[in-house]
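Both complexes below contain chain A, partnered by chain B and then by chain C.
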Partner chain A sequence: MEKFYKKWFLPLALPAILLFVGVILIPFLVGVLYSFTGWRGAYFVGGGKNPFEAFVGISNYVKALHSEKFMNALVYTLKYTLIATVWINAVGLCLALLVNKISRGAGLFRTVFFMPNLLGGLALGFIWSFIFEIVYSKFVFGVDGLIHIPFLTNMTQDNTKALFALVILVSWQMGGYMMMIFVNGLNGISQDLYEAARIDGANAFQVFRNITVPMLMPAFTITFFLTLANSFKLLDQNIALTDGNFGTRMLATQILRTTRDTNPPDYGMAQAEAVIFFVMIALVTLLQVYLTKRKEIEA
Partner chain B sequence: MRRYGKIAAFLLAVTMLAGTAGACTNSNKASNQTTAAQNGTAAEATAAATAPVAEGEYDFYIFNTKGENADALQAAVDAYSAKTGQNIKVFSLGSGTNASDALNTEMNSENMPTIFSIMNIQELKTWTEGGFALDLSKATNSDFKALVDAIPSSLYLTNDGATNYGIPYNVEGYGYIVDTEMLADLFGADTAANVLKDIKTATYTEWEALIVAIGAYIKDGTAATVTLSGNSYALAAQKGELASKLTGVFSTAGSQTWTYGDHMLNVAIDCVFANSAAAASATPEQLDLLKGPFLAYAKALDLKTTYAAGADGALVRGPEFINTTTAGYDAEVQLFADHKAVFMKQGNWVYGNIQKVNADIVDTLTFVPVKMPFTDADIQVPGMTVDSVSRSIPVFVPNYYAINAKSSAEEQEKAEAFLVWLNTTEEGQKFVIEDMAFIPYNADPAVTKLSNSLGQSILEYMSTKDTVTNAYAGAPTNWSGLTVGQKIMENYLTKEAWEEQDYQDIADYAIAQWKDMAAS
Partner chain C sequence: MTFANAIHRLHPKKIRVSTVLIYLLLIAIAAYTLFPLAFLFVNSFKGQAAIVSSPLKLPDIWDVAYLENSMKAIHFMSSLGVTAGITLISVFVQVVASSLVAWMMVRNKSKWSFALFMAFTAAMLIPFQSVMYPLISMFDAMKLKNIPGLIIMYGGFGLSISVFLYHGFMKSVPRSIEEAALIDGASVFQIYLYVVMPLLKSTTVTVIILNGMWIWNDYLLPFLVIGNEPVKTLTLELYYAKLTSGQYGNPWEMIFPAVLISIIPIILVFLLLQKYIMKGVTASAVKE
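Take a look at the complex of A and B:
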């Protein structure tokens, strides 16, 4: 089989490579080029179709970094990412630990927990919009509801509350996915280690801290990477839940709306923001992978 | 068995590959349509309407950003194609979808639209800078030149007052829509016509008293007497069938910032600037003159949102007022069509929406002007008085057909011929008036009669010249709904009681933001 794959490697991989180059790499490079020009969407400043006549140097980047809206979106996204990364991983890990403990119906529970991941971001946003605005605010946590918790009412109408609303929404969606990764990781831990710990008299918490977590490091690498990258890039759920109202615009929404905030639409600046966005996410996630990979243990 | 499994898997894979390969080899021009729909956010893609596309070559391409007439425009194009044998491609965006991303994509491709839409002078800047908007005086088709010359200069799509870049789609107007049957129920069938006439000419003080009286009537049935234009009318002692359904006086869409940030604010701007061109070239000193009108606007908005109707009872200003799920455009139309509110501030474009919800109500609808407590000092436009503003509704061109200067001469010629057919021939006008339910911009109010009750009401205002313009279109992009409207939604519509300081803050904020955004 090895020889077959070695012989047929290039023809088999070529379609994917071509697609990647054509759909991702080339547009990305063209975009980086355009971020140094005065691109207005259908034309370049000066009226031409030739980007090389409309170079503006790094002024788009300077404008983007000085833009108050961009900075607010950045800060909001950072706050969200911090909370979401921790929470989603915690939820995923808890679910995985729970699901691993039961012998009957584990398959059913795993399926049910994973299903929210199948919903698209937009549909999720509208469903949860309804839940936050009507179910939470009136029936469950409202003044006349079951228990009155002001923080959980009208969550889409306040800057801070919307942050947690988004976290709830995304953890509901992504929790199952992370759970699957952790389940896989947990199954890979040899039972000998647990037996040895039990013989040595370790309690549950010590077992968790000293055996489970270190052995799960490869899974943590993946889940942290995924949650970090996805939290930075969050778009559909943000638009569907609050549409950026009450100062809840995240970075991806901000880049999208830059062309609407300016007249004529400043696609050049939007592209510069996108490049900054890319560099930031790349740095953060690569750093994270490096740090967690160092902690992985070969058992 | 394993061998058959392998063969079956291989065949399935080949079938799938053949399917994808077949779908990919579409005509180049046809595939642009779906890519245009998929551009922009997912939200906009789901709202985009895709029209049936012509396979292969087509003569010219129309990109229509006014979603409301999508089907009718396709029908008009089909009729024209049948007549001339031309193959025309039409693409319409879904109603309310943002146009710029999709249109920019199309303009970048090889297959640019020859006819596209430009909404107002702010959008015009982009297309003149890029050299896409054709100066219509340079058109080649002689009938088209005649059509262009006949357009009155007040309807020009222009940034200097002289060069016209667009053919108007239609004229639209807005105001408080009221069902005359409801008025009959409130005041008695024999006085309803007079009541309507007197409301139109009433002062703001009388209007405010009317709203408060109806509010009390809904709450506990107190049948007060109101004065309108000097005449007294008494509310019916017993609540009639329609009046008992009322939960509030106004139907509002709190989550839609354009309803109060664009249209209601426009009436105040109309007091100082005669049209959008004047507003676009406003100096900071002129902008300071807006303080008085904006204060009046804030008071009128306060009145309107205090007496809002909800699904089961009065809708009080608070978090529920701006929920996207319960306070949206559809909810507003639903409440009005269910007779739960007396007035709804919307335009004649909403006719189709109301008809879908309650077809019985559409024949008895009419417009009443949007009233605000202006004083003589607030009015700056020559020839305008507090009285004349009080009786007028804004009537304006919401969108224009523009010709792409970068299209080939042949395509431009054909496109011009189509626009001539649409706007001057009887057949074309039938599509405009009946199918699109538009008021043609070149309609003569004296002779035209529309079956659409709201359109007819607007024609009446036009014939008595009781109209104002859409000066807000000259304000900086995103100033009206997305900045001022946003601020009002986030800070004031959730506040139960407004004070004098709130009116000042709203007015000051609006003026400061205009100055700021115009300078940048």
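Take a look at the complex of A and C:
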């Protein structure tokens, strides 16, 4: 049997290996290489068609780190990621706790909360941009609206407000998904623990703090992983809501637009931004998984 | 839930009040969740003036002319077909390629097989943005900056997560059945098709849903590969419709119906397969 598997290993693994090498590995390595060259898309500054004669050292990275737009996008993305990760997890957890408290209709509520997650960020962003611009600004939170809250008006036309508009949109979209993962985690907690705590006279807050949260750590590992990755790479919603105007570009949008900002398109610099982006995502993701995993073991 | 029931027996009155409160809260959140969709639906039957002046009112006349206009503007039948075609073929490629490689990696305990698995796993850390420019330029040079090229790219990008899911589940599949099939004279493809794949059905469903949802809704890759060519995907049609209509001051009477018809197929599929979708998406997350 060993022989049989050994014989078929390469032929059967080949399609996946080819796709992996051709679509991810080579472009990734080429991308790192090109980030050190004067790449302009169709040609290389100083090298014509040959990237090896067009090395510019780390000047693309220097350019990127000195670019106001890139640094803005970096800070904006970090701010958004921090707020969105906390908020989306809080929303998801609250929804899960609420849905788990009831028996009748729980499935229906879960379905409703989960539904927005299926739809594309671009389509949803278009609907929400209208809601923010007209419904929020005129009918609900405007001067003549239900309650006048200036912060919730014209949210897509201001740098800070737009950040929260994005959080509102994405938490609406992703909250139900995180809820599903928390529900899964909650159902895995043994009822004996709750029973024991009740006999010991623990109050609801103590039970939540000392049983529910520690036992949910594996779920938190997943939800944090998903929300962090999603926040860092957010693009569609950013484009649909503000199109990156008013200094609201996220990193993904910035990398996409760098080649449009410059003439001739500076692909070398865009690629340097992309490499920095990769390093950040890899570091944050590994750190997060390491930290939450450690909590899991302690729990 | 059993905990709540247990308390329920002890303090029936107290629970009833809080249960009512929980239901009220849940209904309020559900209304909030559904509001943008209901809003979209209502405003898909109104003209620009009525949408802007009274977006929260039901239309005076349910006029389907706006829907018809939008269908024309985003070439609905053609873009629906293109999107469905791209999604189906890409997902098929992903399922076949990832299940085969995962099967072989689990059955071969060599250094190479481990290294390959590590490569697939590590690739999950690579964001699309850091490969997209070289990828597009390479594929352009190979005359693959088109729909077949797009399918190959999806095949590659969905691979990591799919391999990971299959690999995780395959470990629990005993090899003795495969041995028995081999002794009975089955070929490797017969073993794959009739022994391995049927045991992996639930993982396959998860892989299909996860990748299908993403590819169907994807904006960036089609934007980079197809751009403003005549044949576009639904999301791309929507993007360009918004872009061109924005030049004349946001005619929402075109955007709303366009968004509505572009999400109807997904909602229909979801309502039909919701059990599998919700289970599949959660299962995949828990495996990670």
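General remarks:
Note that in this section the second predicted complex is superposed on the first by the 276 of 299 C-alpha atoms of A that agree within 3 Å, B and C clash if a C-alpha of one lies under 4 Å from a C-alpha of the other, contacts with A are read in each partner's own complex, and residues count from 1 in each chain.
Criterion: a contact is a pair of C-beta atoms (placed from the backbone, for glycine too) under 8 Å apart; a residue touches a chain by one contact, two chains touch by 3 or more.
For clarity, every value in this text was computed on a predicted model and none was experimentally measured.
Of the two partner chains placed by the overlay, only chain C lies in contact with A:Phe20; chain B stays clear of it. Contacts of A:Asn245 after superposition on the shared chain: chain B is touched, whereas chain C is not.
Once chain A of one complex is fitted onto chain A of the other, the partner contacts of A:Asp236 extend to both chain B and chain C. Once the two complexes are overlaid on the shared chain, A:Met115 sits against chain C while remaining clear of chain B.
Contacts of A:Leu256 after superposition on the shared chain: both chain B and chain C are touched.
Greater residue coverage of chain A by touch, when chain B is weighed against chain C, goes to C.
Using the contact criterion defined above for the overlaid structures, shared-chain residue A:Asn154 touches chain B, although it does not reach chain C. Overlap of the chain B and chain C interfaces on chain A comprises residues 41, 120-122, 130, 134, 235-236, 239-240, 256, 259, 267.
Interface residues of chain B, counted against chain A in their complex, comprise 41-43, 46, 98, 100-101, 103-104, 107-108, 122-123, 125-126, 129-132, 319-320, 322-326, 476-478, 486, 489-490, 494.
Those residues of chain A whose C-beta lies close enough to touch chain B in the complex are 40-43, 45, 47, 120-122, 129-130, 133-134, 137, 153-154, 156-157, 235-236, 239-240, 243, 245-246, 256, 259-265, 267.
Those residues of chain A lying in contact with chain C across their complex are 1, 4-6, 8-9, 12-13, 15-17, 19-20, 22-28, 30-31, 34, 41, 95, 98-103, 105, 109-124, 126-128, 130-131, 134-135, 139, 172, 176-177, 180-181, 184, 191, 194-195, 222, 225-226, 232-233, 235-236, 239-240, 251-252, 255-256, 259, 267, 270-271, 274-275, 277-278, 281-282, 285-286.
Interface residues of chain C facing chain A in the complex, by the touch rule stated above, are 1-6, 19, 22-23, 25-26, 29-30, 32-34, 36-37, 39-40, 52, 55-56, 93, 96-98, 100-101, 103-105, 107-108, 110, 112-113, 116, 119-120, 123, 125-135, 137-138, 152-153, 155-157, 159-160, 163, 175, 178-179, 182, 188, 192, 213, 216-220, 235, 238-239, 242, 252, 255-256, 259, 262-263, 266-267, 270, 274, 277-278, 281-282, 285-286, 288.
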